[in-house]
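So that you can tell them apart, the chains are marked A, B, C and D in the order they are listed, and the count of residues begins at 1 in each.
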Amino acid sequence: MVKFLPLKKAVAENLHDGDTVAFEGFTHLIPTAAAHEAIRQSIRELTLIRMTPDLIYDQMIGMGMAKKIVFSYLGNPGVGLLRRVRDAIENGFPRPIEVEEHSHAGMANAYEAGAAGLPCAVFRGYRGAGLATVNPNIKSVSCPFTGEVLAAVPAIRPDVTFIHAQKADRKGNVLVEGIIGIQKEAVLAAKRAVVTVEEVVDNFNDLHPNLTVLPNWTIAAISVVPGGSHPSYTHGYYDRDNSAYLEWDEIAADRDRFQAWMQKNVIESSADDFAARVEHLRKAA
Amino acid sequence: MSENDLGFTPSEMMTIAASRALKNDDVCFVGIGAPSAACNVARLTHAPDITLIYESGTIGTAPDVLPLSIGDGELCETAVTTVAVPEMFRYWLQGGRITIGFLGAAQLDKFGNINTTIIGDYAHPKTRLPGGGGAPEIATSSREVYITMAQSKRGMVEKIDFFTSFGHGEGGDHRKRLGIDTAGPTLLITDLAVWKPDPVTKEFTVVSLHPGVTREKVQATCGWEAIFAEALDETPAPTELELKTLRDLQARTKTAHASAAKGKAAQ
Amino acid sequence: MVKFLPLKKAVAENLHDGDTVAFEGFTHLIPTAAAHEAIRQSIRELTLIRMTPDLIYDQMIGMGMAKKIVFSYLGNPGVGLLRRVRDAIENGFPRPIEVEEHSHAGMANAYEAGAAGLPCAVFRGYRGAGLATVNPNIKSVSCPFTGEVLAAVPAIRPDVTFIHAQKADRKGNVLVEGIIGIQKEAVLAAKRAVVTVEEVVDNFNDLHPNLTVLPNWTIAAISVVPGGSHPSYTHGYYDRDNSAYLEWDEIAADRDRFQAWMQKNVIESSADDFAARVEHLRKAA
Amino acid sequence: MSENDLGFTPSEMMTIAASRALKNDDVCFVGIGAPSAACNVARLTHAPDITLIYESGTIGTAPDVLPLSIGDGELCETAVTTVAVPEMFRYWLQGGRITIGFLGAAQLDKFGNINTTIIGDYAHPKTRLPGGGGAPEIATSSREVYITMAQSKRGMVEKIDFFTSFGHGEGGDHRKRLGIDTAGPTLLITDLAVWKPDPVTKEFTVVSLHPGVTREKVQATCGWEAIFAEALDETPAPTELELKTLRDLQARTKTAHASAAKGKAAQ
């Protein structure tokens, strides 16, 4: 059953060296605060899973925390490349990293299969695509009715998934809204799920019945971290900090500047610092 | 890119030529890196009912400014509906509902095969690019694929380093032989020309030069030996409305995306 | 692109003799008015697909319109059996009917595969179940990663799907809410979809972004039929007419009484009669 | 069924005994035909946080009255969330999240195999019953299965006509041999007794007789030769709270479901 915990404790209880972990969020609702806490706790030898690794995986990989990355789009959205990840893949700095690369369709189907308790996902994909030749986790099955050959990928089953969401109620049910991405599947596919939220409200009685609500028994821990998705955004709370994404491109381009930035903004900061970072991005009421 | 003496830039011509190719009843999947500018200019001019779908799950979106990422909040706020990402790829893309998949490219060959994955060898890349995202399946599940990119010898190459998404492969009926029953790339719009695949060989052929562009300029910025159609058209120059629509859109976009930075600076 | 049509015309344009058709609705939002219109138009040789055939398929089969039924639960919900369907299966009256029977999981996955454009659905199902031995459309595939044997069923791809929904906007986008069942999948799996709605509103601008909205280009025709799901219910509009379900058990028990009821309440009625049937079931405002 | 001289009916005892087997942290999938009364009595007494899931897509529902169908409006109105039916079967049931699948039965054998499909031959049935609905996968994907039914020789039979849902098959490790890794039927609660499968043979064994019930009565209403545990318990009689909760629930239900009919009569 879900526990409300300070983020520090939620990360310590649920993320361990060697874990396979997903910090999910599709441009929207990226769990930055949780990732920074993991960095502060120096968790090591992680297998990082995410459809769209962006700044937070650039940071974690730049800090040498990951032995492997599973992904489908390795960019700084709207800006360009991920320079710390590139340095790891191209130069083995600060350490070499194993790569497992899929398409978005492959990852989305693999998360869906994980949530559905299946060993693999079956879909029409990767036809003529180079990934099918370099990724041994892309196989095929034949439809027993038509003979059509379909792609198969293993289900994604993280040890732990971190997401950021709008709100929890006092019972620990969680609401995700707007661009909901792959978050529900990532939570349901994981052995444990940790959610950071903007706020806690008394109840969800007035919610429309078909919204994306994760029942409290599907979640291990909830931490209240206002602004916790910065520089990503939280629909209904604050806008995307586009300038931070542009700035990141320069910070990450240089190993020393990266280290200095991490020291100041992550290592010597805390989850409590996020609220101030989004203050100027909140819409005028 | 500066304006030519015709009053518009090659990049503007590219976006506007691409926008013209989109129809009012198209359902367009705007992949990462694709110029959603073209899709939105189409929507704001001749194709008001066009359905724009971004892979973040936003269906039928109508943003007032261009998104910086494929998951910007405004895409959701103006969409007919916003669905989960697995549903997007299963029901909407794989379901065969997309008429036009719109892709950009880092490297492109003459058969419309695209590389956005790596420069060099996959295991030991010289440059690690972002990778395919939705492109591998956009390229095979959309009924047709439009490609748009600025011409350069580095981008338009004889042989791409990696098949991120499959176009016509080695040409001819290669798609069919792989069991792909969609049309694949049917249009390439660059900053200099409009290209279409030869009906038989599937090699991209220049069918229209943008105003002021010469065959020589096209060839000088293309890494393969370009073929030109016998009846070579000139792309109609942007109309006043098209130019104004594009420029207004870009001006609104610039203002909107600068505001966050300004807010920060003001702190 | 969607057309707003009177129900009579929407059915005539989209449903033809010999079609494979789904009238979907999972207890909620059953498209009764559309089914009654199909009965009035005497469409024949239909293959009827539905997870939970209830009164409307009892009626259509009792009228001899179907050559085959594909289903997963053949009951009068909360009451008991479907007596006209039983008469057809047990006694071949008024005509023999072919049966293809699945589990709910099988049907739900098959609709999902239909919506997803796949030839078949793959899931963990039918283990030890008798249906796997009597239904040749239940096969298996092996996971290429674990070797686990999974069930496979062909995707459902109706020629036409009928559903009932709360409302359309003037552009023809359709909102379904509450117990949404399998309706979205049934619409997206079909070649053509016809939707009856309680009302048309100017626009959906104030809707939450994550609700179940079917874009207008996924629908062939919309007909405005207030009360069109009676004796089922429409969340937000009127309650379920439980007494009608109880009454049906008696009507359908007798061949002559059934015919007389159908003559009076279907053949000699029209879609316009539904509004009055739900008047007493509307909640006091 | 009339009250016995103990102040409650066998049916009430059955429902209350079943409710006691449910725990506060259970996630219970209430299949068609199953007595949701038991689940809701549990929720209203000792298990206020129990999660009740109906296959119509309603998760964590807390109806004030018992639903007539598995898709009644109140299930949705009181649920934590309501999802689409494919998601229900894929993410929630197949996903392994259900601790207790609660099934009823038309025919049951001593190994917990259930028939609700046909009486007679499948191709030429004597009686066509409703069929399985969600039961085939509820029986194999739920961590445990509870069964509840009133005893009768017609219902509890040596050999069922059709395997709608698989219990322990022919007993022993039959589930395991079919690749089913869940526990299967672990509890049978009738109007007369509580049964549990033998740890090895998996044959249902009477472990507790309801107050006032004899071994003979159990055997007289059971189509197979009943086995009784050596240490045979007596089921505790319903408490005042349990009985009041059940009766209030049923009274509220009757009132609510009659109102539509009344409204009609008043026309």
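Basically, a residue touches a chain if its C-beta (ideal position, glycine included) is under 8 Å from a C-beta of that chain, and two chains touch if they have at least 3 such contacts.
Predicted model only: the values in this text are computed from it and were never measured.
S.K.: Between B-C and C-D, name the chain pair that shares the greater number of C-beta pairs in contact.
M.R.: C-D
S.K.: Averaging only over C-alpha atoms, locate the centres of chain A and chain D and give their separation in whole Å.
M.R.: The separation of the two C-alpha centroids amounts to 40 Å.
S.K.: Between chain A and chain B, what distance separates the C-alpha centroids? Give it in angstrom.
M.R.: Each chain reduced to its C-alpha mean, chain A and chain B end up 28 Å apart.
S.K.: Which positions in chain A are in touch with at least two other chains?
M.R.: Within chain A, residues 112, 116-118, 123-124, 148, 178, 180, 184-185, 209-212 contact more than one other chain.
S.K.: Could you list the positions in chain B whose residues touch two or more of the other chains?
M.R.: Counting only residues that touch two or more other chains, chain B contributes 76, 82-83, 90, 94, 141.
S.K.: What are all the touching pairs of chains?
M.R.: Going through each pair of chains, those in contact are A-B, A-C, A-D, B-C, C-D.
S.K.: Give every residue of chain C touching chain D within the complex, in rising order.
M.R.: The touching residues are 26-28, 51-52, 71-75, 77-78, 80-82, 85-86, 89-90, 101, 103-106, 108-109, 111-112, 123-131, 134, 148-149, 178-182, 184-185, 212, 233, 235, 239-243, 245-246, 279-281.
S.K.: Across the complex, what residues on chain A touch chain C?
M.R.: Residue positions touching the partner: 116-120, 122-124, 137, 139-146, 148, 150, 152, 154, 177-178, 180, 208-212.
S.K.: Please give the residue numbers of chain C that touch chain B in the complex, ascending.
M.R.: My answer: residues 1, 112, 115-118, 173, 184-185, 188, 204, 209-213, 215, 217-218.
S.K.: Can you list the residues on chain D that touch chain A in the complex?
M.R.: For this pair, the touching residues of chain D are 25, 27, 51, 59-60, 76-77, 79-83, 90-91, 94-97, 141.
S.K.: Can you list the chain B residues touching chain A in their complex?
M.R.: 32, 55-58, 67-73, 75-76, 82-86, 88-90, 93-94, 117, 122-123, 125-137, 139-141, 162-166, 169, 174-175, 178-180, 257, 260-261, 263-264, 266-267
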